[in-house]
Amino acid sequence: MDNTNKYTTKIRIRYNEVDKMGVVHHCRYFVFFEIGRTDLLRQSGFTYKEFEDKNLFLPIINVSCSFKYPIKYDDIILVETTMDKMTSVKIEHSYTVWNHDKTVLHATAKTTLACVNRNGEIQKIPCFLHNLIGSQRNLSN
Amino acid sequence: MDNTNKYTTKIRIRYNEVDKMGVVHHCRYFVFFEIGRTDLLRQSGFTYKEFEDKNLFLPIINVSCSFKYPIKYDDIILVETTMDKMTSVKIEHSYTVWNHDKTVLHATAKTTLACVNRNGEIQKIPCFLHNLIGSQRNLSN
Amino acid sequence: MDNTNKYTTKIRIRYNEVDKMGVVHHCRYFVFFEIGRTDLLRQSGFTYKEFEDKNLFLPIINVSCSFKYPIKYDDIILVETTMDKMTSVKIEHSYTVWNHDKTVLHATAKTTLACVNRNGEIQKIPCFLHNLIGSQRNLSN
Amino acid sequence: MDNTNKYTTKIRIRYNEVDKMGVVHHCRYFVFFEIGRTDLLRQSGFTYKEFEDKNLFLPIINVSCSFKYPIKYDDIILVETTMDKMTSVKIEHSYTVWNHDKTVLHATAKTTLACVNRNGEIQKIPCFLHNLIGSQRNLSN
């Protein structure tokens, strides 16, 4: 349904994700974005688990998020994840979080990942990842 | 030790805060910042709990964070929280996360809070909060 | 597929649910059981959210869990939730956690819930809940 | 103050630890117990971190917990951790969670840990751990 740069993940809010205010705690959004990135990768036929099995990791080095409208317990949300740019060592994603029928915008966000090995040393993003997401290349100019 | 605009919180990293990579998961930093903000308020003689007891809440509306160097299990970190600005409806904080002796910078971040009631409607930040943090005013021009 | 006393929930393990040992942190299992209970209730045509909207809550008063075999990142697990007993004020569930094809048993557990109002005062479990799960009655003798 | 078998940890409840009901989510208690065990070990001059650095791990194989009275946001709780028994491959602890002045009992719990290596294979608990907690021995017979 989505192209290889974009994926929409549907998530139902768990009880423990909601705080005393009755809304999803802001730190949880970053878990949703992580699920979104993982699903985006998975649709290209590769998993992040396999990536780590090769002793490569993609830690977050930068995030920003704007919270527009609170999410409640048991809500179904849509997390749209887009890969915006892949350079030789970094990957940038953006995210839009909608309610179930896309009539309410809950949040927008951006993250930057670096590619490192187990010792935290910067690594070139391997070719297979560039190839998997070939249509990305022209975005990364 | 700190003035009313700034506070340093010491936190020991818990086992469950560290992920598969062996480092603190990025979503946890936002919990540390929340503890920092709470401690900053507490030193002024007021607690966030009392604030919510008055049916006022300070949800996050914007965050950004730059992750510089990973934090490991059992590390002791220092979270320096500074209130940068308080307007009639918003509060801006910045954060610096150091290792125990301030020789390693782990992260820097900024957040913006809005003041709302239980229904999520924007409220004026009450006078007592402005007064508590009087020296803030000249920052908020 | 399941009867009204039993439900199987499929869950994919999230990155942040795995700890430094590379396995799901034990505290996370209780989140899975909560999802299992919620799904069991949902299949009877009622949601836990509606329950709380009536100012009724079902906090946990007792848990026990036996961890048999570790669960890893990206694993798909099956959480079988069974309602074993419903008395006038308590509900007992048991849980079995399997791997995706039920060849590996990950954990077994039991929980007891009490019915309370917002002030934490014990309440009789309402008739509609007993009725929804009618076949339960003969178990609760 | 405590002997080598027992330790009391003081913990202030964080905002994100409290759920929609306004009380600490039950899964969080297991994090408190983990902090209690870690602190108990630390007072004997050894850290769990050093233990894992030796490629030894102490995963939980059994827990039970009885929740007596809810804990609220910003509460200070006392977690009393006692090591009850150490055999050649297992360690049993019990826990009592009190409010700040020990007038309210929040919870009691028990856990059993096994000693394993990184591959999850059962290992004998090393002598140094038995020695550290020498007075334990007569409890384990």
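Of note:
Letters are used for the chains, namely A, B, C and D, taken in the order the chains are written, and counting of residues starts over at 1 for each.
Basically, a residue touches a chain if its C-beta (ideal position, glycine included) is under 8 Å from a C-beta of that chain, and two chains touch if they have at least 3 such contacts.
Quantities reported herein were computed from a predicted structural model and do not represent experimental measurements.
For the pairs A-B and A-C, the larger set of C-beta contacts lies at A-B. Of all chains, the one whose mean C-alpha position sits at the greatest distance from that of subunit D is A. For the pair subunit A and subunit B, the distance between C-alpha centroids works out to 25 Å.
Centroids built from CA atoms put subunit D at 35 Å from subunit A. In whole angstrom, the spacing between the mean C-alpha positions of subunit A and subunit C is 29.
Residue positions 15-16, 20, 27, 31, 34, 52, 73 of subunit D each touch two or more of the other chains. Those residues of subunit B that touch subunit D in the complex are listed here as 14-16, 31, 34-35, 38, 47-49, 52, 73-74. Contact residues of subunit A toward subunit B in the complex are 20-21, 23, 26-28, 30-31, 34, 52, 57, 59-67, 70, 120.
By the touch rule above, subunit D contacts subunit A in their complex via residues 15-16, 18-20, 22, 25, 27, 73.
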